[in-house]
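Here come two complexes built around subunit A, the first alongside subunit B, the second alongside subunit C.
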Partner chain A sequence: MLNFEINSKEIDKIEKISREEKDFRIKNLEFFKTIGFPNKRFEDWKFSDFKNIVDNNFNELAVNKVSNDISNIDLLNDFNHNYILLVNGSLHSSNFQYEDKDKIKISSYNNNIDYKVTKNPLVCLNHALSENGYFIEIKEDYKFKKVLVIYNYFTEDIKNKILNNKNKIKLNKNSELHVIEYTVNKSKFKFINNSYEDIVLDDNSKLKNIYLQNNKSDGFFHKFLRNKLSSNSDYSNLIFSSGLKFNKLDIECDLVGEKAKCNILSGLFLNKDEHQEIKTRINHLFPNCKSFQKVKNVLSSQSKGIFQGKIYVNDIAQKTDAYQLSKALLLGDHAEFNSKPELEIYADDVKCSHGSTSGSIDENSLHYLMTRGLNKENSTRLLIKGFLNDIVEFIKSKSIKRFVERKLEEQVNGY
Partner chain B sequence: MLEIKNLQASVNAKPILKGLNLSIKPGEVHAIMGPNGSGKSTLANVLSGKSGYEISGELNFKGENLKKIPVEERAQKGIFLAFQYPLEIPGVNTNNFLKTSLNSVRKANGEKELDTMSFLRLVKEKSSELGIDEKILSRQLNVGFSGGEKKKNEILQMKILDPKFSILDETDSGLDIDALKIIAKGVNSSRNKEKSFLVITHYQRLLDYIKPDFVHVLSDGKIIKTGCSELAQELEKTGYKKLN
Partner chain C sequence: MKQQELEKTKEYKYGFTTDIESIRAPKGLNEGVIKFISNIKKEPKWMLDWRLKAFNRLKNMKEPNWQKPKYPKINYQDLYYYSAPKSTKDKPKSLDEVDPKLLETYKKLGISLKEQEKLAGVAVDAVFDSVSVATTFKDKLTEKGIIFCPISEAIQKHPDLVKKYLGSVIPITDHYFATLNSAVFTDGSFVYVPEGIRCPMELSTYFRINASETGQFERTLIIADKGSYVSYLEGCTAPMRDENQLHAANVELVALDDAEIKYSTVQNWYPGDKNGKGGIYNFVTKRGACRGNNSKISWTQVETGSAITWKYPSCILQGDNSVGEFYSIAITNNYQKADTGTKMIHLGKNTKSKIISKGISAGNADNTYRGLVDINKKAINARNYTQCDSLLMGNKCGAHTVPYIKNKNHSSIIEHEATTSKINEDQLYYCNQRGLNQEEAIGLIVNGFCKEVLQQLPMEFAVEAQKLVGISLEGSVG
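Right after this comes the complex of A and B.
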């Protein structure tokens, strides 16, 4: 049993904060201290008993600061890109060599108030302790020429830590940004990364995000994403984050202007005892908005995949078009997939649909491939890749698509 | 090539093949006809190695006991089944699949794997012979293919893998007359002294284009009559009932 206590003095260590911010942090810390890590009695955590997971995996856990010094890291050479380097959650450096630098603002992110009251203890913990994430802002009418890779790098010495960081992306009117969020974990030890991200899309702006990691690891990740999408903005998030010990992405999208669009797509391959949850809440608050969610999980061995997806449609949000589908391919008797779709609709002229299926590999398809000389292993892999390909197809750029395919292939071939 | 003696096959304790005997020599084309439910497709499935059947009797391919050889090795040894209902495999590119398939077979036979350029040349040659629009080969395997395209794709796979023994399971069903002729031509151009074929069909029409050396009538899990290609014409006139 883990005895995890945080001293309020941790907040005093955070430099240059106002009285108001300090109060905000203390209030959140107090809330976390009363509740602790969330367990399955919380509806939002019923399939991911985080308290239990932490108890089973950590004998000690500390929140104290870690260094973010590194000598060098290997950048991807599959395609030209700009980059932001985060080391253990803190902004380390950035490079926008392909862009007009006047159009981009980048800084460490420390502004920490003005957030919705939350009952998620991990978000409270983040509010209390986070510092030194990044804040990027793209000016009006500027469209990025090359993709921005955000290297989320964890150093070898990270052990039994819980790292809290907070980031913000703001796209002003008519701007466009494509991001690949790429986790590189050098630590062989267990640790928790608890992050919070604020994404603000002004009118007519567009953000495309791809989320994946370099390698399998023993990291435990929780991320809360809060998106605010204004009129005619277009947000998409493609999640390929297979191979993590624990990963929960909690995505909340407020569609706060007409014709805003939100796409959440995921193609995951989980193995061993990997545990991944995607939880979404799409709030259709204005008319004529569109949301599209498609989550595909391949689950082998004793892995566990979860999709909790909620679509909320406000009474004025007429002509809403909301779609949600989750599909699981179970490869073993001990693999598990839980799906909880929810619709809450107060408008009467809307198109909302949801579906969820899970099944095993189709024996007839397997036989068909094997009669063409492929062994069972390769036939199975081909079917897995085919199943996930549906999501990869959403990537437009050929070089990025090839890169993601290669990453997925490494995962699937390890099976 | 293929020796079947007293083959019995059942599914969930329900007997389907009830003592079937068949001998096919290199270079021969055999046709099997028979009413619905007589066991034609079961025979094709059993030869391909499909699981789910209880099997007894002798099943030898080139002197080897076929029962002991797993599905993919049968393919590597030169047995090919053109499916009655080819499966749709979403997300798998047809060309990639054909290349993987061919190279698995080549590798198993100790041959050098084909690189992409030589493979594409081979595919171009074979698909134009069968009048296949190459565009469909960059699509997902059989997904959204018409009935005719699926059947042609089966024959294309046969031409590419160049098997020693091919089973065509009702390849003619659902084909228009032009497609039927093209497929028959594709099969005929593969015929030689070494290769054998087992053509399963309901109709004599296909056999006008692929001339069999022998015609067998399968009924209730057994071959009840064997003859030369005239037998097929006779059946067309009289039906199966008279034979019983």
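Right after this comes the complex of A and C.
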């Protein structure tokens, strides 16, 4: 049993904050303290009993600051890219060598006041304690020439810590940005990373995001993404984050302008006792918007995959086109897949559908491949690859696609 | 009849009340009332103890509040828990002894008990407020060894069966309304089909709430012994009143080896008026256990009435190769709200389940499908197929789908799909062009939309249900 207590003195340690902000932080901390880590009694945490997970994995947890000094980091050399380096959640450095620097604003992000109080205890904890994330703003009409890699680096000494950080990405009118968020975890110990990301897309802007990591990790990750998509903007999120002990991505998208588009895609391969949840809520608040979600999970050994997706359509959001599909391939005897694809619809002239399937590898396909001379293991691998390939196909750039494919292969071959 | 009343009956033709003398238990929920009910039914001590156990449990329970349709707090002390027509105090032996006024009521509802008695086909148990007033076709059923009687009679005549199965599917500790029902249930049907018998006719219960400020708490228990088959239908109506009335029933089904139970409901409780005033709160717990191998339970429901419908007829698939089915049409109009669906819990090997749900929402109504498919670790080769379709008419209503899917077995296959749409303009245009007016056209299209479910109903009910679908949506377009 974990005895986790946070003193409000932690908030006093945060520098340069207004009285108002401090009150906001304290209010959130108080809320977190009354509830603690969410357990399965919370509808949103029904399939991931976070309290139980934390109790089973941690004897102690601390929120105090960690240093963000590192000497060097191996950058990816598969393709040319700009980068932002985050060390233990804090902004360390950035490099925009391929871009017009006047068009980009980057700074450390400490603003913690423009947020609504929510009922999600982990978000409250983040509101209370987060500091030193990054804030990037792209000026009007500027389109990035090369991809931006955000290295999310965790140092070797991180142990029994809970790190809270908050980031913001703002794209002004007609701008475009491609991001790869790449987690590199050097720590061999358990820790929790609780982050919050605020994404604002102005009219006609476009953001493409890919989640990946370098290696398997014993980290516990929770990330809340809050997206606001204006008219004609286009947001895509591709999630390939396999190999984490615990990962929950909670994505909320508000489509607040006509013809806004939102794509959430995921291809995951989970192994051992990995636990991964994707939760989405797409709020169609304006007419003519489009959302597309496709989540594919391959679950082996004792892993657990969860998809909770919700499409909400407001009564004025006519001509909405919303689609949601979750598919799971269960390979392990103890693997588990839970899904809750939800629709809440108040407009009548809409096209909304969802599908969810889960099952084992198709015996006929396996048989077919084996008659062609492949052994069982290779046939299975090929079928898994085919199953996940669907998602990888959404990546347009050849070099990035090759890179993602290689990473996925590393995951699958570990099987 | 006055013009105003005429107008009213147009909306809901079962909205009349029968002026009949009745006996009531004192208002309120307490031990005294439970003892009163138990006493008036001449129940044995074990039954009273069972009720009191439930009541004691209830004291520490809270009403659930996770449902989508919210409702004002119910004052449980302000209800009558027992109301019965005076004339049936000494139970009539044959229909000739039944109060003519009661028979007239059922005739008005379209269920002429006398006629039914003459025309072979359906055996009816009529439940009026808290008691069963008549059961037809008893002789023919007795011949085959089938027991079909009010549950209060079964408690006295077949205590062993009741003791063994009552509360075995819905335990008294289950949830607030189930526990409340266990404490205060008044009547309902009891069916036992012996080994190897195929019930020669449809069994049917017709529920009617008549008295005001009364809650109806019926309890139905159906047991299909090895290799037997039974098809059971229930229908319900209530008068139009400005108050909301509570109906909290428990229905338990048990299917043993190779047995099959088909349970059909046409629910047409008073839905409230156009402005959402009045109507029945239909909070029902229905659960079936496929206990034996190769057993099958099939639920079919047509839900058109009630201010709020809140129920999930479920199947617990315990036996190997057992099958659970759920076919549902839920129509909500005006200010009606429905939160309905099913639970399919797969425990045995090779278990199969199928869910077909059609939700139609019009006016200011809200319609939610909520369901659970749970495949247990041991349920090897389990199979589920779910399809939920919603139809919206107008942009003031809502259609929601909340499926929970849990799969813990890698050899199982689960498929779920759901769509939401409105009535296709082309189809409407086509129908209009062929001379159908708007309302007829919608009736036709909606009936087509529901066809898969309507087909599952026994013939006698299918015709009625089809009409009901049309009537329920009257006035929703224009």
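Keep in mind that, in the parts below, the second predicted complex is superposed on the first by the 415 of 415 C-alpha atoms of A that agree within 3 Å, B and C clash if a C-alpha of one lies under 4 Å from a C-alpha of the other, contacts with A are read in each partner's own complex, and residues count from 1 in each chain.
Here is the rule we go by: a contact is a pair of C-beta atoms (placed from the backbone, for glycine too) under 8 Å apart; a residue touches a chain by one contact, two chains touch by 3 or more.
Note that the structure is predicted; figures quoted are calculated from it, not measured.
Novice: Following superposition onto subunit A, is the placement of subunit B relative to subunit C best described as a clash or a fit?
Specialist: Result for subunit B and subunit C: fit.
Novice: For A:357 in the superposed arrangement: first (subunit B), second (subunit C), both or neither?
Specialist: Once the two structures are laid over each other on A, A:357 reaches subunit C alone.
Novice: For the overlaid structures, how many degrees, to the nearest 10, lie between subunit B and subunit C at the C-alpha centre of subunit A?
Specialist: Once the structures are overlaid on A, subunit A sees subunit B and subunit C at 80 degrees.
Novice: Taking the superposition on A as described, I'd like to know which of subunit B and subunit C A:156 touches: first, second, both or neither.
Specialist: It touches nothing on subunit B or subunit C.
Novice: With both structures fitted on chain A, tell me whether subunit B or subunit C touches more of subunit A's residues.
Specialist: C
Novice: According to the stated criteria, A:369 is in contact with first (subunit B), second (subunit C), both, or neither; which is it?
Specialist: In the superposed model, A:369 contacts subunit B only, not subunit C.
Novice: Where does A:385 make contact in the superposed view: on subunit B (first), on subunit C (second), on both, or on neither?
Specialist: first
Novice: For A:100, select first, second, both or neither according to whether it touches subunit B, subunit C, the two together, or no partner.
Specialist: neither
Novice: Across all Cα pairs of subunit B and subunit C, what is the smallest distance in the superposition, given in whole Å?
Specialist: Minimum C-alpha separation, subunit B to subunit C: 15 Å.
Novice: After overlaying the two complexes on chain A, where does the subunit B footprint on subunit A coincide with the subunit C footprint?
Specialist: none
Novice: Could you list, by residue number, the parts of subunit A that touch subunit B in their complex?
Specialist: 362-365, 367-376, 378-379, 382-383, 385-390
Novice: What does subunit A use to touch subunit C in their complex?
Specialist: Those residues of subunit A that touch subunit C are 43, 46-47, 315-316, 318, 328, 330-360.
Novice: Please name which positions on subunit C make contact with subunit A in the complex.
Specialist: Residues of subunit C touching subunit A: 66, 377, 390, 392-422.
Novice: Report the residues of subunit B in contact with subunit A in the complex, numbered from low to high.
Specialist: Of all residues in subunit B, those touching subunit A are 48-51, 70-72, 74-76, 80-81, 83, 86-87, 89-92, 97, 100-102, 104-105, 108, 140, 157, 161.
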